[in-house]
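Look at the two complexes coming up: chain A is in both, with chain B in one and chain C in the other.
Up next is the complex of A and B:
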């Protein structure tokens, strides 16, 4: 019964977060000092070197307001928005790229984002935790300081500097990777798949390096603290081997906060990695959101932010639901 | 552990060794021979929706569409500013004295890229569709407001009636500088769709030009065009044989990666690379060239000019003394040096000073500028601006052989600009009761603090961003409490369109005149485009906020004149005089455009001393470039 109440409480919280998130998502773009109709007209006028007549612009303005569903008061628009999103998960057409549906734009970008970020986040987490565990468990040895140094060295480097340095080194000085990605199109073949992997390696390596340092430092601190716990000392006195103590006693207990961090990181993956996408010309949801934000493309912003809210909230829910499995103290509370 | 390491590293190294060839070989990343492929940096960077190729909706304009794919009734020779027939067989025949009825003949033997013949039916279908769905299609408003009726005479002839007398028929339904608002679509593709044309994506598009889409990246980073085997019977096949078999438009990413890729000969023409990056790239690759071999190195022939648009409907900017004070406190020499390393061409008139507009407007108004006198007898024009700039640059260490001298100064740095004279500016302000307060800033006539903002583009236009900050710096030094506010392009347009939010803005949108036809930009100066000073309603033009009745009259009168008639041009000059006399906007300079080229694989790009067309890869005149460039033979 306790578990059921726990699950119901978490689910209720989850739904409340989603509702509040959706409402804020609706309001936020409308507080921006950008009008999507003006944005589109501005683009057209700019392309035309200002040659479109005033009559044509006035007609375009009326048409766009109708097409974009920007007629009516705010509350009417809000109800229509909730109905479309909740019932059909439909965010309507993109304003900037009318009549392209928002869902298609997001679905095109999402696999690239997920492929790169899920993989690199997970690899950085696994490698960082392994190195951090060894560095923390053997923290009195000099070799452990070297491992910690790697984390201290990488963690504070601003991502942009790290990315450009990696790019310069591995694509210009030693031109192993391309400076900007070129992904093949058409029917997937093993060769094309290889090209995709090859073109994704450099941004992937950079993301792993960027995430690696934090995981080392975090896990090392946790492992040092856990190593000093009485039950670890007891295990050593009992004759348990270093390997056994490190993996079974220290790692399992130090892991819990790291799992939380991983789950939240995976939830944030849906925000994309804008800098990575810009620097490496990598397609993804970050660039879609950036274009939408600068152009006042409400619908695309709704779609992308809603997805992100759902992802982060779901990650939080999953953590809450699996914690009892990982931590018996919660299970038996 | 070591064995495990080798096991993990082996596939990675294997992948690297097998794929490095792609980055190094003579083939491009998209699988075409590099020696047969012209590669250009896409003007608009990555396209967020590359599948949108329906010109009746989101106008697919860059990535090769208007340059290689679409074809227009009349094109413009950008070296001279003259129109020439492209799809049309000659210029339109005028059928009535009111100049509202025209007959157009089409060239016979032109075919779409799928082999179907192009005829008047395509033109008629496009017009019918534009009008039928004018409330749903988002790129037909110009045509539907310009054309009244039409009819087909035969397969190669049609007639059009315009809403008003049309002296700009060939440039509205054809090309004015960069492309056309009238994009003809293939009837045989669109008609079967019925009402679905309004949401039709049209990818890959069937096109009229000598190139057809071979492949494009659904993520929008690149678009590959291939020369049609039947290019001679394409929309502009009569221009000559295009030299590259393939043309790749690609976004090479941030400026850092673009510069590196350019050095590595990965592409041939860049767009808007900063002068600093070009210098760095040139130092590492001798094949990289700027537009001009001498200062200023970059192209200055864009149709538009940068200027400070003043909302003269708002106090205290409604006083000409204040506007002149603003102009006389811009240290343009310093602005140009700090923002663009001195590579700019100043212009005091409200339009760009190019080889085409220079003789028509600037040369003719030289004496007006030199003799211009303010109410207090002060002569504000400095005809030695260019020579002084050259001297300053030489003093700063620029190689004298790289600087223009004698008559070349006028061509390079412009005819002159306003004096930098803060004392005169202070005198003008004092004459209207605006004096400096204890804080060192000028106050309003009633003694209250005067603060204002200059809205400038953010990172999306770095040249304007730098210029804007530098101007604000000039003004603050002169005692104006101004802040430069950088905004995204969406907000930039909102500020431009909304009186209540607009004071001063660095802009270009109303100073775009490429030839004698100043109506292209200034036809917006009408009473219909004036809103109350604090209105939140959107303007649909006249972003300079001109309220001068004399100018409205000249614009109205000129609507019934030939756009190259002496009276028409004189009216344009008179508008320029009125704008300058009252300093209704502060024109600064031609838009400087950096178009560095890499001659490793292709040569004979348009340059200052080889100006057969504008060098822009995003104007439809790029067709002249692809016809005239030559392969170097580099494999």
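Up next is the complex of A and C:
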């Protein structure tokens, strides 16, 4: 029946979410009482000691409004904005790095962030689930509580403390990794690639550790609850082995909420990127966003926020599309 | 024949140990349907667990033994310590709620073959299962379904298919029909009876419903406060019960044309924590004497094959049920 209908429905919902998100991103800054064009002109005026003529200012205003997409009334601006963003992924030029286009800056930084964050989030998820499953399935055994203890220990540590501790430990006390990493740019060679991997390991380890604890605790709680389900008891009474019960019965059922959690945390990678990239001076979206925020670079912020919206919405779409494969109750409704 | 020798099953708790089944000795003949009845907490379910060999902490088999009357692959008689090896193939179990006893995310065919064993065997088994479930009134496609795609009755049929496929010597059914409406309930019970007649295996059926017991069982075991109080052929137990508790259970059954309100049995069973002296039913028994309160009655054979644990089991009692004033 409706596999196509299901997919079409989810895609439609996805596009609707994106549209609403873009609209809100468009409206919110326009509700602010300050006008970036006035601010910018003021800056230039004061730098030039008020020596700029009224005509020059008017010309400047026209140019700036064009760059910011502030020409015409609100509706005209909105249509122009949608046209630029949706059709060309064009957010105008950056102001800090004028005239570099925002989209180019973002696209340059994107692979770095995605590579590091997606990989480490996924590794933390897989490892956390495996450890959590064993800790939960054997929760009556003393040895299993050691595994849970790892989660309890790691989970409450704030990320910045964890990151700085790991940095000190593995780059300063035991200098296994470089204290300040360099990330080569330009044409990719196997050598450069190896260097990138090596330098990314340290931030990667901190991210895995940070995500690991939560995944252990969450999976452990789900697995404990699932072991009490009558179908697990019945499987035991049929003589099904521990391995069979743990994987096919407990894991397959406890997995479902964890998949949701994974997709949601993948959608949030750009938020996690900020702190990591600052601490490890890693050239990703987070660093771009931070520079833009401190420099008042509206167009770059627009671009980054839009990207976040796309990421979260896409994560939601991916859950919706994957879930029926894992849960037959949704597939055959 | 399955022989229970003075089976004592106890639970270890923080307050100490408690005997949920306290010295049950009975012999279950081969090929019969044994009904087990009694109120909540009388030890029915614990007895089932012991019979199945599902003895997990905090429960222990404090003393006694069970002989199943058949031998394992190595030729040794099966006992409570080795019966676990025979699960699903020779001793099987029909759970109470088919609703939650099937894994919701796995096809039923996969759940049919997750007993221990190797894969080529299982593929062959699955082919036979496909033919077998047709006999139970299930379409072959039901095997490829997920649990939520089947109705409650179909699911329970599937559970019975699982429990009977290997033609086990012993099937334990713990209230197999409580979650179903009466029409489906009847169908399921008829199915169980038919299969039992065909295969000649032993079924132990736990139910609160004396009506179900009357219709289905060949023999009856009545339990009260961890003890077996009456055991015998169902006809004999229902026609002429020996123990006052059994009489009261039976007189609580409605009969056609009798529209008097049914009496319950006042009072509650004794706490198993306290020191138990004499007959455990004495406090609620209208015929109790001083002897009952001091001397514990043992399960003795009053008629051929009909046992009761009551000092006055043979004595005359008012007919037409027990009158309460």
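Keep this in mind: the second predicted complex is superposed on the first by the 269 of 333 C-alpha atoms of A that agree within 3 Å, B and C clash if a C-alpha of one lies under 4 Å from a C-alpha of the other, contacts with A are read in each partner's own complex, and residues count from 1 in each chain.
Convention: a contact is a pair of C-beta atoms (placed from the backbone, for glycine too) under 8 Å apart; a residue touches a chain by one contact, two chains touch by 3 or more.
All of these numbers come straight from a predicted model, not from anything done at the bench.
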Where does A:182 make contact in the superposed view: on chain B (first), on chain C (second), on both, or on neither? first
Regarding the shared-chain residue A:240, is it in contact with chain B (first), chain C (second), both, or neither? second
State whether A:248 touches chain B only (first), chain C only (second), both chains, or neither. second
With both structures fitted on chain A, tell me whether chain B or chain C touches more of chain A's residues. B
Show which residues of chain A both chain B and chain C reach, each in its own complex. none
Touching chain A in the complex: which residues of chain B? 15-16, 18-20, 22-24, 29-30, 46, 48-49, 51-52, 57-59, 61, 134-136, 138-139, 141-142, 144-146, 172, 176-179, 181, 198-199, 201, 215-222, 250-254, 256-257, 260-261, 264, 266, 303-304, 460, 487-494, 496-497, 501, 509-510, 512, 514, 520-521, 523-524, 526, 528-529, 538, 540-543
Over in the complex, which chain A residues touch chain C? Could you list them? 229-231, 233-235, 237-241, 244, 248-249, 252-253, 256, 326-329, 332
Can you list the chain C residues touching chain A in their complex? 52, 54, 84, 87-88, 92-93, 95-97, 100-107, 110-111, 114-116, 146, 148-149, 162
Chain B-touching residues of chain A, taken from the complex the two chains share: 32-36, 38-64, 66-67, 94, 96-100, 105, 108-109, 112, 164, 167-168, 171-172, 175-186, 194-195, 197-198, 201, 278-281, 283, 287-288, 291, 293-296
